[in-house]
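One chain, chain A, appears in both complexes that follow, with chain B as partner in the first and chain C in the second.
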Partner chain A sequence: MVRYLGRRVIAAAVLVAVVSSGALLLTRLAPGDFASELFGTGVSAGSMAQERARYGLDRPIASQYLEWLGRAARLDFGVSIVYHRPVVELVRQRAANTAILALAALLLATAMGLPAGIVTGSRRRGALASVIRGLSVVLLSLPSLITSLVLVMVAARTGWLPTGGMQSAGAWDAGTLSGLADLARHLPLPALAIALPLAAMIERVQSQSLGEVMAMPFALSTLARGVPRRRLVWRDALRPSIGPVASTYGFVLGGLLSGSFVVEVVTAWPGLGRLMYDALRARDLYLVAGCAAAGSVFLALGSLLSDLVSAWADPRVRQRQAGGAPGAAE
Partner chain B sequence: MASCRAGPVSRDIQCGAARRAARPTWATGQRIGLGGKKLTTSRRERSLRSAVLAVGVCALVAASGACRRDAPRAGAKPAVKALVSSLRAEPRTFNRYVSRDSVAELFAFLTQAKLVRIDRRTQEIEPRLAESWTASADGLAYTLKLRTGVAFSDGAPFTSADVLFAFRAIYDEKTASPLGDSMRVGGQTLAVSAPDASTVVVRFPSPFGPGIRLLDNLPILPRHKLEAALNAGALAKAWDLATPPAEIVGLGPFVLKAYQPGQRLVFERNPRYWRADARGRRLPALDRLTLEIVPDQNAELLALQTGQIDFMQSEVRPEDYAALKRAADEGKVSLLDLGVGLDADSFWLNLRPNRPAALKRPWLLRPELRRAISHAVDRRAFTDTVFLGAAVPVYGPITPGNPRWYSPVLPRFEYDVAAARRLLSGLGLSDRDGDGMLEDRSGAAAGFTIITRAGNTALERGAAFVASELRKVGLAVDVAAIDGGAAVERIERGDYEAVYFRFLTTDVDPALNVDLWVSSGSAHVWNPGQAKPATDWEREIDGLMGRQVAALDQAERKALFDQVQKIVADQLPMIQFAAPRIYLATGARVVNATPALLRPSILWNPDTLDVR
Partner chain C sequence: MRTLAAASLALVALVALAAPVLAPNDPGETFRAFLYAPPMRPHVVAADGTWHWPFVHPLRLVSRLEQRYDEDPGRSVPLQFFAGGKLARLADDRDGPWLPLGADREGRDLLSRLLFGARTSLGVAVLATLAAILIGATAGGLAGYRGGLVDEAIMRLAEFVLVLPAVYVVLALRAALPLVLPSWAVFSLMAGIFALVGWPWVARAVRAVVATERTKDYAAAAVSLGASRARVLFGHLLPACRGLVGAQAILLLPSFILAEATLSYVGLGFPDTVPSWGSMLHQASDVNVIAEFPWMLAPAAAIFAVTLAANLVIERSSRTV
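== the complex of A and B ==
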């Protein structure tokens, strides 16, 4: 297990290095830079050059990159050009907010998608299953932008939820409980905006997987012996069918970062996605690289989590991770 | 007992059943299966079911708990007089001396004060920290008498030493302040001296028509807080976003109470603010002002309609007008019509004469082409399509929204397709291959590409409309909407044929935007930074603007600038088609707002802003 975790840590480090380097280089190579974004048209070439020199943007890309890489190896991702603050500090602050949102969204999506997938996977027919399938297709087809805007509009019209932000001003002044309650009021809207399409995806994967397990000989024979379908589903078929859903979690967690920026912008959630969006717009290349690094950490963690859940659900996976021959458990 | 034939799951059934045989029935629950056999519910089955149920219930509880109506902050009965505004972008620094972005400027309006201020509505100079001033006979020196008894928000007294510090800071080479550029006349700095603690003398290097209007650009930051950083060459890093709010002191109506990154800035009244209203009440009228960071304009609009914010920083988009009008009719918001805006979208062709495209297709540089373009675009249809009717046609860069400098008597190349075709024909552009589109004498298609900023729907609509109108007269025109930074870089390099952009007016006085008009200016966008004027008309404008900047008599300055506008309207180095009408929306609770066309439209005057 230690060796396995060691391998995963090394793979994660390589992933972080490649992704953040790619982000930095692509941002640097793309037309335009921080100075052109800041000044717009009509500024003297001297002023533009002075601003570029101030942030080292006039240096050759190779030396700029190598210097950054050297610092990044010591977990120093430089200083944000826009905010004049260490990238690590900015990213850490926002990553915590994104993690709260991502976990809430994942929990909501699992709570909605998994039972729905069990319903549709265990019943081929029925009005409920058909409605769930139809709803899933609709939610999968809707871009996050539309979902967010619709939810914001509903929140605005009904007044049930705040239309944006993470906390009200002064929410924590009245104590921790009051602060947490305020956070809980702000969380559902962005979490739902992310969770709805995710729940639909989980429903589809779970439904397919459970359907396949239910068609296996052992399941058919169990049914044939008179075991009720519901009992077969909950006691025997659910666990082996969870593997595919679990394996998607890694990508989902990684995707939450890149996919949540639209939701974060629309719902004014101060997360990492929004920070990266702002950094990209301002061409703050060190901050872009830092955000990308954080995103790849999310991906690596999510991937590890999904592997652990898969191992929990399937002994064969456990065996493979432990270095044994696949199928040895059978 | 169930038999076990294959697979781990079946084995589980068997083993589970064997285990259950030894347990009391209350621990397992019982059910009667087919054939009269007892089928029990396994612990794992119950665990799984419970887990899924628990997660579902948690989600429902969280959702229902969250569904408590969030009392709109703006709508609640205020214990203190407080307003909430939206802010679209994050602050980047709290130090106005090192930032040119609009949030830093807004921050300075709220927390700092200036020697004099331009009243954004009347365009008159108002005394602020300087209570009076006199000009020397030659107009080069101004002696400003400072208010006495004024203190910074931390209690430190304000004196002329703070003014000297402000000038030293913005002209400091290491600081490289963007204000240093705007506080120069003819490229030279102003000379400032302080005969005593309450007197400042500002000397201009050459006669300057706008005079101390220039000082409206300069907030006076506290010497006692920032001088050490300036001396250490570190002013550029001072007052960054990590600075504790208590360290950021000022002479403005508010002090920063809290900054929550990505969420909001909270300001509280500065108890030491030096202004009072006409009835002698201390200003500002508000106890608290919150700027909620709402990056998305649609969400911002909804927040306004639902009372979660009291006003927006940005103007109302044409497409949002109808919804806000309905809200205004219901009494939820107030819709303020500020009239015609100062900024009209501008179209220009690249007039740098030596670039390869211009050498190959010299007709691109000819004024006849620009006049033909002006004739070809139906400005009425343009206002309807691009601004949904909320605009007026214009024929020059100075709009009717700037009455002090606008000239209504200018050459106009009105919508006239036949005239456009005649002008194009005169350039040798004709349909040589019968495809309905024009070709030049070499047989090459007559056309060009307009670049504009992607993501700005008004600009994209405007550029698309112009292109479509020009295609009707046979010019093959395409639009390339590209990322802002990339577009700017191409414009700076001169790597474009035509541009459709919008300039934001920062001051209505043309002498303070002189870089746009003179041929050597960096903002002379169609052919910037010329060593000597490329055309006779640019040479003429250079001369006129030189006199206009130096003239001290307002009537003379206006007459000179009218001539400049006349030349520009005739030569059309930039073509404007329409200027939008500007609407602002505020919540019904907001009173004493003094909206103006120059940004920040409402918070330029935060002192008197009050709540109903």
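== the complex of A and C ==
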């Protein structure tokens, strides 16, 4: 297990390094830079050159990149050109906001999708299962962009929930409790926009997997022995069927980040996605690289987490991982 | 259900092709007196309860400050069908144009923009899907057929792309390129970027099929008859993937439509002058606009309809119940 974890940590480090380097180099190689974005705002050519020199943009790509890499290895991602603040500081705060949103969305999606999948997976017919199946197709066809726009429209017309942002001005001044209550009012709309399509996906995976387990000989023989169906589902079939959902989590996390970008833009949630977008637009390359690094840490953590859940649910996976055979984890 | 969904997908394509005939107005024409005008429903029953040839009530301005209009029940203008090269139009537009879905910020007809926008949005998505299939089938076919190091290299690359959050990759690639480009360049650029993100899905599916198919007798027969490697791969093995590739295409298409909408929504896609579902949604980025003029979300409904139809077409293959 220790060896397995060690390998995973190395793989994660490689992912983070590749993604953030790629983002940095892509932004650096792109035509124009942050200084040329300022062009036409009345900045003289001399001060433009000065600004460039200050952030090392006048040096060859290779030497600039190597210096950045050396510093990044020590977790110093440089200074944001636009915000004039250390990248680490900016990213930490925004990443926490995205993590809150993503976690809430994931919990919400699981709370809706998993029970729904158990219902549709354990019975073929029935009014409830049909309704859930229909709802699932509809939700699957409603991507976060549309869901968030519609939810914002409903919120704006009814005034039930705030239409955007993460907190009201001064909510935290009145104490932690009122701050949290304020957050709880801002959270449902964006979280729901991300969670709804995700819940449909989880429902599908769980439904299919449980259906397959229920068709296995052991399930049939259990039923034949007179064990009630309900007990078969909850006691015997659920655990072996949880693997696929667990392994989709690692994969869902990429979708979660993508979904959260759109939702963050629509609902003005101050998260990593908006920061990355602003940084890309402004050609703020150190900030772009920092955001990419944070995003890839999220991805790596997610896939590790999903592997651990699969291992908990299925001893066969545990053995494969311990034996070091490739396939299951990668 | 499945046939119905497939038929509606075909209908959407047909509607996009026939946009010049179906659209009641020019998509770029601005009606200054009708900014954010509400949808004008055609009526068949008049206020006195009698039946009529389909007609509309012209709009009149109630409040310029709030951009509110209502229908003038006192007047009615009949619709004309198959006249002037249009499916339907007003017999007389002195009281203003017919805006079946309302108007946008510039006073442009939303329905006409939606119809012409379908050409742009679907065009990008179809082009991107074709490109993704071309790249994916070639890469996946090679990986499955050659095996070994080629397989390893291609599939590792594919997995790497699959792991990345697609939206960010698309954003980063698009943001790295010049922002202001002619619309044909934006069109092909977007399709290219989407294909770069989408090919691994196709490659993975094709590789799995080719890897099992090549061990079958018919492949061995072709080889022993002296068929070249390329011929075995492209003539015998890839055709076995047809069904799978078709399903992948139907999955990719709506996600590319959504990708266009997302890019244009955040302002990195088509400019406002080019009608597309995304550039139309861009005007809905303001909360007040969405709240006051919900018909501005019409493109979102169109995206939902196409996605739903696509999901229903492949419903059976994705759910084995």
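Descriptive notes on the structure:
In this section, the second predicted complex is superposed on the first by the 305 of 330 C-alpha atoms of A that agree within 3 Å, B and C clash if a C-alpha of one lies under 4 Å from a C-alpha of the other, contacts with A are read in each partner's own complex, and residues count from 1 in each chain.
One rule holds for everything that comes next: a residue touches a chain if its C-beta (ideal position, glycine included) is under 8 Å from a C-beta of that chain, and two chains touch if they have at least 3 such contacts.
Everything quoted here is computed from the prediction, not taken from an experiment.
Model built by superposing both complexes on chain A: chain B and chain C clash. When the shared chain is aligned, no partner comes close enough to touch A:285: not chain B, not chain C.
Using the contact criterion defined above for the overlaid structures, shared-chain residue A:57 touches neither chain B nor chain C, since it reaches no partner. Between chain B and chain C, B touches the greater number of residues of chain A.
Residue contacts after overlaying the shared chain place A:184 against chain B, while chain C stays out of touching range.
Look at A:214: by the touch rule set out above, it reaches neither chain B nor chain C.
In the superposition on chain A, contact of A:26 is made with chain C only, not with chain B.
By the touch criterion stated above, A:47 is placed in contact with chain B alone, chain C being left untouched. Residue contacts after overlaying the shared chain place A:261 against chain C, while chain B stays out of touching range. In the superposed pair of complexes, A:163 makes contact with chain B and with chain C alike. In the superposed model, A:137 makes contact with chain C only, not with chain B.
The intersection of chain A residues touching chain B with those touching chain C, taken from the two complexes, comprises 30-32, 149, 152-153, 156-157, 163-164, 265-266, 281, 330.
Remark: chain B residues 2, 5-10, 12-13, 33-35, 37, 39, 41-42, 44-45, 48-49, 52, 55-56, 58-59, 62-63, 65-70, 72-73, 84, 89-90, 92-93, 100-101, 176, 178, 181, 236-237, 240-242, 258, 260-264, 266, 290, 292-296, 298-299, 302-303, 305-306, 308, 482-492, 501, 503, 515-516, 521-523, 525, 528-529 touch chain A in the complex.
Those residues of chain A that touch chain B in the shared complex are 30-34, 36-45, 47-48, 50-51, 54, 82-85, 89-90, 93-94, 97, 104, 107-108, 110-112, 114-115, 118, 149, 152-153, 156-157, 159-170, 181, 184-185, 187-188, 192, 216-219, 221-222, 225-228, 231, 234-240, 265-271, 274-275, 278, 281, 283, 315, 329-330.
Note for the complex: chain C touches chain A at residues 159-160, 162-168, 171-173, 175-178, 254, 258, 261-262, 265-266, 281, 284-285, 287-288, 290-291, 294, 297, 300, 303-304, 307-308, 310-312, 315, 318-321. Those residues of chain A that touch chain C in the shared complex are 15, 18-19, 23, 26-27, 29-32, 120, 124, 133, 137-138, 140-143, 145-146, 149-150, 152-153, 156-157, 163-164, 204, 207-208, 211, 251, 254-255, 257-258, 261-262, 265-266, 273, 276-277, 280-281, 288, 292, 295, 299, 303, 330.
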